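Both complexes below contain subunit A, partnered by subunit B and then by subunit C.
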Partner chain A sequence: MLKYIALKGLLAILVAFTASLAAFLLLNVASDPAQAIAGEDATPDVVETIRIRYGLDRPVYERYLSWLAGVATGDFGESYYWHKPVAELVADRADETLTLALSALFVTILIAVPLGALAGLNPNSWIDRAALGVAVSAQAIPNFWLGLIMIILFAVMIPIFPVSGDNTWYHFVLPAIVLGASSVPAVMRLTRTGLIEVMGADYIRTARAKGFRGNALLRRHALRNAILPVISVLAVQLGQKFGGSVITESIFAINGLGRLALESILGADIPTVQMLIFVFAIVFVAMNLLADILNAALDPRIRIG
Partner chain B sequence: MTDVQITQTTAAPQAETEGLSPGQELRQRMLGHTGFLIGAGLITLVVLIAIFAPLLAPHDPYAQSLANRMLPPIWQEGGSADYLLGTDQNGRDYLSRLIYGTRISVTIGIGAATIGLLIGVTFGVLAGYFGGWVDHVISFLLTAQLALPGLLLAMALVFIIGPSIWVVIGIVGVLHWTYYLVVTRSATQRLRSLDFVAASAASGASAPQIILHEILPNLIPQIIVIFTFELGISILAELSLSFLGVGIQPPTPSWGLMIAEGKQAMFFRPWLVILPGICLFLLVIGANLMGDGLRDITSPEGRNG
Partner chain C sequence: MSALLNISNLNVSIKLPHGTLSAVRDTTITLQKGRSLGIVGESGSGKSMTALSLMRLLPRSGDFTADAIEFDGTNLLSLDDRRFAETISGPGIGMIFQEPMTSLNPVYTIGRQMTEAAVWRGMMSAPAARTKAIALLDRVGIPDPEGRMSQYPHQMSGGQRQRVMIAMTLMLDPKLLIADEPTTALDVTVQAQILDLLDDLRRERDMGMILISHDLAVVAQRTDAVAVMYGGEMIEQGPAEAVLRLPAHPYTQSLLNAIPQISGAPGRLGAIPGLVPSIMQATNTCIFAPRCAHAHAACTAQRPPSRAQGGGHMCRCVLDTPPTIVTSVTPLRASAPQPDTEPVLSARDVTRVYTSRRGMFGPKRDIRALDDVSLDLRKGETLALIGESGSGKSTLARILLGLDHPTSGAVFMGGRPVAEVAVKDRAHFVQPVFQDPYSSLNPRRRLAEIIARPLELSGHGSAAENDALVRSTLELVRLPLRLLHAYPSQLSGGQRQRVAIARALVTKPQVLVCDEPTSALDVSIQAQILNLLDDLKAEMGLTCLFITHDMAVVHQIADRVVVMLKGQVVEEGAARQVLRQPNNDYTRRLVAAAPRFEAKTEEMEIVQ
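Presenting the complex of A and B:
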């Protein structure tokens, strides 16, 4: 088991660095960052000055290596825009995004698991069809539009929740619903199929054939088995919530990492963008690793094979 | 990835399809699938609107009129039959802008989904056919791509390269190939072990010949299914980019941009936000229903059921 975790962990770190390299290359080779910082109307000598000032005249591989060396010591460079160490900026804002991501996950579980369970226990019933309808519709609604509709609803018609800011937990209700809604279809469908599979499994059929009548008990056991794969998918979804925070935070004026990302992109602040991409990638691989470990811990076939 | 096959009870009974040619059978199954018909109908409608936009639009979508700013839709007080869905901040006819907006969405959807297809299918077939280290390298790339926060990277790239419709298409396409890869890889692995491929190899066909003549034609149904889903996903991605200001630029009529522009006035004129959202919802749900339907229709289980 330990060997399995170590191997998966090593792979995860490798993946995160490959992702950071890809992002670094794309950001630096696809176009001229010095030009982007200076703006479109800048004269060539201004662009040249900026290029030298930020060390952008060095070859890309050299810059990536020095970035890597910095990362090893926790130094992610200095923000072009805020003129502060990037690591400090990110640390200041991480709280908000973590709160948002966790509360969004909570909303997902609250909606998707009961809905999926109801659908899975009554396949092809009207409940199943209604749940499927919810899933199909939720997939087609863009996150930011749902957010705006919520704001219109709750600011004008039923003003119970604040529509912007991040001072109290109350402020996180609407953003959590918006961000949480995006994971509902996937988690719901998985709960549904998991339950259908388990309810059709041999041991349940045998129990039924033998005349076992405890339907409530049966369902509770089935749900417990069906929920195992859902837990690991939730871990993966939590990882995606960080990347998904960009839109939700900008709509609800939450001062977290997503908003920092948007601001630093609009300010051509490449070191901040680069660190955020790296942090989001790390969170993503860490959550996937957690999902793998959970799977292995729960299912001996993976652990041994 | 977590999408799950939904059993369709509406599929044509076996007795009716017996003795039909494959083409006739396919047509019958398409006509018997409600979801597919609705989805295909919506997509056809939107594509027709995009093609015939100049004939359908009552006004020039770019023509500004200071006298007619922010007119409400016809069903509200102060609406006029000249501007059925009202006008925006610059007095431009909203209906005409929505009609021309289909062109942007359709172009981006088809363009980006095609680029993703080329990358994903190439990787998927190579990984599935050759296996071994090729498969390992490609699977590693897949994991790294999944770890990257797609929207964030897309925003940064569009901003640095400079926003234009072609840049948006290219970047959205380059970041959306994983779904094609996952599906074509496993399908190729399965096909590779079948007798007709072995026969082709035994008769002296080279690897490129086998891939082109034996493998690819058999992947087409699955590729079409994913393409349909990716249409919706790419269109949503463009919308998010345009909404955040790093996609299609004004004054081009893009639904995402229209929502962003309407946001300032949404408390008093919510239709500016709601109308483009509904258009988008119908288009994306059309793509998803058509994809679900095609998957049911082309899968072997659907064929027998």
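Presenting the complex of A and C:
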């Protein structure tokens, strides 16, 4: 088991570095960073000065290697815009995004899992169709639109929640619902099909033949089997929450990593963008790793080959 | 003796998108305490539905009614689902299912699954349940039962899982045990052990037992009474001896006649024409009449009543006396080939090693699927390749077909090394027929396309020539030409397997490699296919490598036998010789384990 985790962890780190390399190449090769920093109207002289000042005249591989060397010592460079170490900047803002992502995931689980379970236990009933309706709507509605509608409905017309900001947990309610809604369809469908499949399995028939029924049957024989695929998808969804925070944080003016990412991209703050991509990649990979470990813990077929 | 179970006029209906299927009709069963009843029938006969409705395990769309169901003095119809689950499911009636690989929950330990029901019901404490479970595992023949308690189902073989299922069911001390095809998914040697175990346990515990099987031989050996089901009706019922030795219903007679025997001279099998019907509406005729050799006007005028034949033997047929039986058997059409004809397909010292890794970084492991195997397939002979699952039969077949390459050793086609034979020419030399005709035919293509495909791929002949070939091949396998434009889904299992054989024969190959071609089929359908292979051998001198695990089929069809064990050939010889006097220990066990029903074959021919 420990060996399994160690191997998966090693693989995860490799994936994260591959992602960072891809990001680095995109930022540095696909466009001219010096030009981006200087702005479109800058004269070639200014651009050249910037290029030398930020060390952008060195070859790409050399810059990537020195960035890697920095990462190894926890030094992600200095922000061009804020003139602070990027690591410090990211650490300051991580709290808000983490809160938002986790509460969004909580919203997803709260809606999707019970709804999916009800639908899965009563396939083709009215409740199944209603759940499907919810899923299709949630899939079809764009995130930013839902955000604006929620602000109009629950912050302006019926002022229950604040319009924007990140000072109290109260501020996070609407953003969490908006960000969480986007994951509801995938998680709900998987819960539904998982339960339908499990309830039709031979071992459920065996358990019935032993006299289990209703809740006891569900609790003792169906839940663990049905939850296995859901865990994997929840982990991926949590990774996506970090990505999704870019839009949601901007709408609700939350000072988190998502907003920082948007500002840095607009301001060509390359060291910040580079670190954020690396952090998001690590989160994504770490979540998948966590899902693998959880699955192995719950499923002996993975644990004991 | 008092009755343990009394079911009268059970009806099961299943709602389907296009109507209601009447899966079981007016079925009456009586079982005495401590006795065993076998329910026999082909797929779709309603035998499993009968058991599932008794256990209230019918699918959502299913429903049942009955005049009475009495179990051990309780009227089961008066119990609601909760009371039924509390008092009957488990401690009253225990059930074992067909698929031991999937019937245990993969994520919980054997120990938890064994003990949970007894503890949850408050029948005993956890430590007491554990002690009992270990004792039962020991009783059913699981080595190291204490260690096994903490293992998971996937760490055990199919036979062991079925033993665990049996032990688990016995934890609640049921008064009646229902075993629904308990050994169908298992190897022959394991099959015999499990059936013996069930029989011993029944006697020890004075349990009632219902053994459901499609295999008459299995039932004949182990039960006191037998009920034969057909198309949802119980058409014959009585003491096992009487039903199997002196069957009264023409269907039972035909079914017995369709089973290959393991002794005596092999003869043509009595294939039953037509298909098992699915009854969508109430009928007032005999349901077997369309396929019955003795049908006359009275059969379709009314539904035959269930009539007593004496000695508790009941039969649903209008005939007063059973159809007469004479002592003759039609011999096989094909004769054995001349000995020592030249080999057409040979394997020389073939070894196949598979290398696998556990995960991405795991250590390499070598599995020797074939170990130094040599074999000659001679012109015009049928060579049976037998052995249990994992013995390397199918790997050898793939290598002989040129679908896989040996790690070392060589394959010769018509005397030439296989590497020298162009891929296109191989198709004209050897063709496969696979086990499951439900998955080996492309569902989106018409029969004409399926059968013509090998011709197209090898690029021979004009469209007209190919079409003529397809038509003549269809006739060769006894399929009507009107099916040329049908899709596989419109055919029965037997018809599909004929299509698979036609597809293989269309290039006029010298050799057919059949991998378990009848094990997915019902006995009456198997008889049709085995007779067809006999015809093909007689008419075109077909050379055939026939992979099977069924000894009776070997006896029926094979000239020679090769026995494989763990990738090695352990015995080889004339079929008669090997079946009668096996030299190898393993072969002896295989032959001994084959279920046999010593019907007097000579008497089984029915006069029209």
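Convention: the second predicted complex is superposed on the first by the 284 of 305 C-alpha atoms of A that agree within 3 Å, B and C clash if a C-alpha of one lies under 4 Å from a C-alpha of the other, contacts with A are read in each partner's own complex, and residues count from 1 in each chain.
Here, a contact is a pair of C-beta atoms (placed from the backbone, for glycine too) under 8 Å apart; a residue touches a chain by one contact, two chains touch by 3 or more.
Bear in mind the structure is a predicted one, so any value in this text is a computation, not a measurement.
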item: Touching partner for A:L7 - first (subunit B), second (subunit C), both, neither; value: second
item: Which superposed partner A:A201 touches (first subunit B, second subunit C, both, neither); value: second
item: Touched partner set for A:A101, first subunit B, second subunit C, both or neither; value: neither
item: First (subunit B), second (subunit C), both or neither touched by A:A155; value: first
item: More subunit A residues in contact [subunit B versus subunit C]; value: B
item: Which of subunit B and subunit C A:R220 touches, first, second, both or neither; value: second
item: First (subunit B), second (subunit C), both or neither touched by A:I141; value: first
item: Subunit B versus subunit C as contact partner of A:V273, first or second or both or neither; value: first
item: A:A261 touches, of subunit B and subunit C: first, second, both or neither?; value: first
item: Shared subunit A surface residues [contacts with subunit B and with subunit C]; value: 11
item: Sites on subunit C touched by subunit A in the complex; value: 55, 57, 81-82, 85-86, 88-91, 94-95, 97, 99, 102-109, 116-117, 120-121, 152, 154-155, 165, 168-169, 172, 358-361
item: Subunit A partner contacts - residues on subunit B that touch it in the complex; value: 2-4, 6-7, 9, 140-141, 143-153, 155-157, 159-162, 232, 236, 239-240, 243-246, 256, 259, 263, 266-267, 270, 273-274, 277, 280-281, 284-285, 288-289, 292
item: Residues of subunit A touching subunit C in the complex; value: 4, 7, 11, 201-203, 205-213, 216, 220-221, 224-225, 228, 298-301, 304-305
item: Contact footprint of subunit B on subunit A as seen in their complex; value: 11, 14-16, 18-19, 22-23, 26-27, 30-31, 33, 36, 40, 123-124, 132, 136-137, 139-145, 148-149, 151-152, 155-156, 186, 189-190, 192-193, 233, 242-244, 246-247, 250, 261-262, 265-266, 268, 273, 276-277, 280-281, 284-285, 288
